[in-house]
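For reference, the structure I am asking about is given below.
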Amino acid sequence: MLKMSLKTMLLAAVALTVGTGAASAGKLTIESWRNDDAAIWKDKIIPAFMAKHPGITVEFTPTAPKEYNAALNAKLAGGTAGDIITCRPFDASLELFNKGFLAGLNDLGSMKNFSDVAKSAWTTDDGKTTFCVPMGSVIHGFIYNKDIFAELKLTEPKTEEEFLATLEAIKKNGKYVPLVLGTNDQWEAATMGFQNIGPNYWKGEDGRKALIDGKGKLTDKAYVDTFAALAKWGPYMGDGYKAQTYPDSQNLFGLGKGAIYAAGSWDISTFRGQKVNMGAFKAPPPAGSKDCYISDHTDIGIGMNAKSANAADAKVFLDWIGSEEFAGIFANALPGFFPLSNSKVAISDDVAQTFVSWRGECKSTIRNSYQILSRGTPNLENEMWNVSAQVLNGAMKPEAAADQLEAGLQKWYKPHQ
Amino acid sequence: MSEVKIENLCKAYGPVEVLKNIDLTVEDGSFVVLVGPSGCGKSTLLRSIAGLEPITAGNISIGGRQVNDLPPAQRQIAMVFQSYALYPHKNVYDNMAFGLKFARTPKAEIDQRVSEAARILQLEHLLKRRPRELSGGQRQRVAIGRAIVRKPQVFLFDEPLSNLDAALRINTRVEIAKLHKLLKATIVYVTHDQVEAMTLADKIVVMNNGRVEQTGKPLDLYYNPANMFVAGFIGSPAMNFVAAKMTQKNQLDCGAGMKINLPLPPACKVGDKVTLGCRPEHIQFAAEGKIQLKGNVDILERLGEIGYAHVSLPNGQSIVAQITGDPKVGNGAPVSLALSPTHIHIFGEDGSVCSAAAR
Amino acid sequence: MNLRQQASAFAVHAVLLAYTALALAPIILVIMNSFKERKAIFGAPLQLPSPSTFSLIGYDKVFGDSAIASYYINSITVTGGTIFFTLLFGSMAAWALAEYKFRFNTFLAIFLAIGIMVPIRLGSVALIQLIAQLNLINTLTALILVYVAQNIPLAVFILSEFMGQIPKDLREAARCDGLSEYNIFFHIILPLLRPALATVAVFTMIPVWNDLWFPLLLAPARGKQTITLGIQQFLGQYITDWNSVLSALATAIIPVLILYVIFSRQLIRGLTSGAVK
Amino acid sequence: MATGSDAGLMGMSRASYLRLLGFFLAPAVIIYSVFSIYPLLATIFSSLYLRQIDGTYVFNGLGNFVTLLTDTTWSVSFWNAMKNNFVFFLIHMGVQNPIGIALAALLSLPQLKFRAAYRTLIFMPTMLSVVIIGFTWQLILSPLWGISKMLLQAVGMGAFFAPLLGQESTALITVSLISVWQFVGIPMILIYTALLAIPDELADAATVDGLTQFQTFFFVKLPLVIPAIGLVSVLTFVNNFNAFDLIYAMKGALAGPNFSSDIMGTLFYRTFFGNQLQLGDASMGSTIATMMFLIILLGVMVYLFVIQRRIQRYSF
């Protein structure tokens, strides 16, 4: 009897082990945080690739954005990550390269399709090695509901003053939430708020670079003014915005209950799915500005797991990602992600077209916390989320927010000490 | 031959000795009862015989074979536990057949042995029941049945009746006695109840504090206890003890002017402190008689034909006398007690008997 | 029953009913709304689905995700395997600790107890590396091993308590009956532990079935995902589509509730068996 | 034959006794040591190393602990998380356990109808995944869906609607109460079990003595279930200082607003695995994990050696 139960145990153990998914040749797995885009990868991008390269099977296995970094790091450390890794910009990916988790991609043929600026987010500090193929950038701005604007006889605001007047008008009417933005998840406060309107204050790249070399401080007037501008939004953000999550915001605007949505261009495809009649306007500059600036952020790249069992196939895939064909599919399947390659891509979505047209009107910059400044503790990006949310919540004065950011940076960053 | 022989057995838990130099022989076919107060070591002795407790020193042999290091199953013993220890998840048949199955006994033989045992114990109609569906007495019989089917050389019973109610206890006691006759089995039986010991045993072993106090036939122990412990333990109600001093030859002084004249054994000397023992059934209300004590009745317990009188003596001690019928005395009434001179026991200062008065 | 007693019985039921409602309302709300069309979810969330608002569109999406069957199979395999090995190994260890004397008995008991207090999650990174070295990444075996390790301490703890309640006589009777120590365990002790095993099974089942963390790290590959991970990823993907979100939540909740209702008697009996006199 | 040595069993050789022990103990001990103790030790070990800015690690002794407790970069977050964790724990002690006791008291009333149904249903939320519970409550409290607002309006308190999860003053309390809602079944069942163990004669005796049911509970039964309440308290402590999932599911790794719902578990997660641009720091993460381990250990010790010894136990 006893022997039998032992044997059963062993059999059970063996049966469980047999299910092991050994990596088979010609099969690639993509790690990504873009779970919103899963359907597009499965239905459009991957079939297009496999039509060209029938020998290679590709699978897209996204992780929710907030778990992505933790899960990816753990999986890479444990050797379980997929062959293809979607790259966050700057230090998060640089660290992966330094640890040997990401392969260098200098020899990739299609790398020549990208400018140095495009590659900067995924290149070592010395500029010698690029480890991810730039895939897309995102542009900040505001998306508005055309039907509501028509109903309330409003026009796109051109300046900050007009912007606040527009919000006030919507609020007076009372039917709609004037500005759709929540602070529960915090990151929208920093990204859709602070980084969206800020470049107009700190003069884009000039201000960003000054912060890095220590000539500019976060306590400078530009940053305090940005926070001060944010602080004025509170009264126009829907009932209970402090507990409003990002999906809540998306739904609020998607359901036509909100008039203006503080946006990233990637939201376009979400709202297309919900059939919103929408338009877009760029961050309205403050009174007296001559130039305008937009946040055109290199947001997403794609690289190769250095320990991939299918390195050859992975390179074939990455090379294709760098191609004009991919850029075209990507830009149109995912309006709101703008290809970074030099090839001219026609964008069919009119709202996406609006966003990308701002590149011609204004100067572009990337988010100022991403390069170098978030390497230490306390982490500048985390701090920005925190204080931006607090400023929007009315829990913190603009000056205090700026002070806290600068104090944090001074703790570890030499040029600010 | 299924004699159990125990020589010089010792058992200790660390520094605590629980069995001290036990020597005991259980003759083939005899019924030996180990009796004593709780904690005296009787159960430990039984479990040592069974092989459930390792021993520290000495020898145990069963049927002429030394079993010191054998596991219980190989000692050819069967044990009946106080709690019956029936397997709750098995029915009566399986409870009895369980050990045999593991001994790879052929199915037919198991069947035959179980039905034989069931017939003897009148369990035939209960074979399919689970233990929880049985009464206490029935469970007891199943536990015995489980022992019988093993055809052991020795049956070991560990207080098997103590979980039964009074009436059932008497019934089952008789059943066990009959069974012993029927099976001609060698039995070692542990109890703390001296009535069970007296009624069942061929030989009683009285234990106290890890030692054997006395071994003998029931009536030997009753009439000739070797010491005060045995004298007090055997018999119910217990023997009366009166402290006394030998003041002159053949005279005891019990204090408060109570003097008793009786022939004393030569071992006793003038000036010795002794204890006089006499069982209640050997004390009567009577004004005449050779040995007299006077006292006052505290209380009378009337049980029917007989009863017991608790009497306080002038020296402050209290003794119990058996009464017959209804003596019509009130509480507090003065009475005279007559002690049967042939049933008086004299114990020395160390508690061992000086000598029983000649019968 | 007099008036006063009736009044107090009424009050007791009122309190218990109110709390039961509080406990169930959120769950009912989710399940109820998962059967409604989008407009009705937002327009009248507190109404039952009516013929005009009834819709299964969310479930279409959830079950259209063809992998849902494999999520369930994986979860059942992992949970079942974990329960089986936790009970087997846990009861074996509890038996040895309770029954046999040996030098490291107390030490081992304390050693095993540490695991009750500390979540293995704190050691995730080392664990992943270990699993990778054993070549068990993306296998359900890895999950089972980790969960068994995680659940053994509590299993040993609970089973030891119950083991103590099995009368000593029973084991000794079995020894007299000639059973080997192995057979005493498998044929006497294990069957008698059944109520305790049920308790441990439930205590093991809940966190394992519901765990998100280790499936995410150790077996995230398609085809190896458990239902909780699958649903979580599904939620992430359709987060703005409340039909799908609510249906996915209901899909994750309902089987657990059904199992719970079936086994609740055993669970409560197991939990309260210490009190059975 | 001293106890505590490998005494062996009657008639069994030492070798086969060891084989017997091995057979029963080895599977559990090996799996547990390899997949639970080893990873934990590895974590404690790496708390002794310091992560350099270039991503390498150097040995730092107990330096990380000094940094964590004294350097304001870390200590502010640490003590904040610690304080919040205590609030989290105190809310469980002050709300969950009294409600659990009260429910258990009601459930243990003699001749209560539908006892099993109540017990089963009230325990139900405990069965569900924290991730799912967090998500569900977030939907319910969502200003978008507006259920909570609707309910408040229905009872004429619409003006009291507030974004409970979004305010610094209410976020932690709200999350704690959701956790209480989910786990109240556990103290309820444990206390209920203890109450069942009290002999009915005792309650009868109290009734004969003229106590009302309420008084009987307070003055007779409650003192007798204090050991169970002690157990519930230490379980609550251990679980609360291990908590992570619910806050992570509802408030994310930054546990906002302004870290007002940050507890040890979220601080550990954020530090160990990183966040958006924050890189994971295995050494400080391990340091926090080790601190969590020590706090839990300390709590359990206090319970075992101080509280449990003073609790009077009664056997019936």
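Here the chain labels run A, B, C and D in written order, and each chain numbers its own residues starting at 1.
Operating definition for what follows: a contact is a pair of C-beta atoms (placed from the backbone, for glycine too) under 8 Å apart; a residue touches a chain by one contact, two chains touch by 3 or more.
Computed from a predicted structure; not experimentally measured.
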| item | value |
| --- | --- |
| Contact distance in steps, from chain B to chain C | 1 |
| Smallest count of steps, each to a touching chain, taking chain C to chain D | 1 |
| Chain pair that, of all pairs, has the most C-beta pairs in contact | C-D |
| Far-end chain from chain C, centres as C-alpha averages | B |
| Centre-of-Cα separation between chain B and chain A, whole angstrom | 90 |
| Centroid distance [mean C-alpha coordinates] between chain C and chain A, Å | 37 |
| Intercentroid distance (Cα basis), chain D paired with chain B, Å | 57 |
| Overlap residues in chain A, where contacts from two or more other chains coincide | 71, 74, 251 |
| Junction residues of chain B - those touching two or more other chains | 51-52, 71-72, 74 |
| Set of chain D residues in contact with two or more other chains | 3, 7, 9, 144, 272 |
| Residue ranges of chain C touching chain D (in the complex, touch as defined) | 8, 12-13, 15-16, 19-20, 22-24, 26-27, 29-30, 41-42, 45-46, 85, 88-90, 92-93, 95-97, 100-103, 105, 108, 111-112, 114-127, 130, 145-146, 148-150, 152-153, 156, 181-182, 185, 206, 209-212, 228, 231-232, 235, 242, 245-246, 249, 252-253, 256-257, 260-261, 264-265, 268, 271-272, 274-275, 277 |
| Of chain D, residues touching chain C in the complex | 3-7, 9, 17, 20-21, 23-25, 27-29, 31-32, 34-43, 99, 103, 106-107, 109, 112-114, 116, 118-133, 135-137, 139-140, 144-147, 150, 181, 184, 189-190, 192-194, 196-197, 199, 213, 238, 242, 244-245, 268, 272, 282, 289, 292-293, 296-297, 300 |
| Of all residues in chain B, those that touch chain C in their complex | 47, 50-52, 71-74, 77-79, 81-89, 98-99, 102-103, 146, 150 |
| Residues of chain C that touch chain A when the two form their complex | 42, 77, 81, 84-85, 88, 124-125, 128-129, 131-132, 135-141, 144, 182-183, 186-187, 216-218, 220-224, 232-233, 235-237, 239-240, 242 |
| Residues of chain A defined as touching chain C within the complex | 1-2, 5, 9, 12-13, 16-17, 19-21, 29, 35-36, 38-39, 59, 61-65, 67, 71, 74-75, 77-80, 247, 250-251, 254-255, 270, 273-274 |
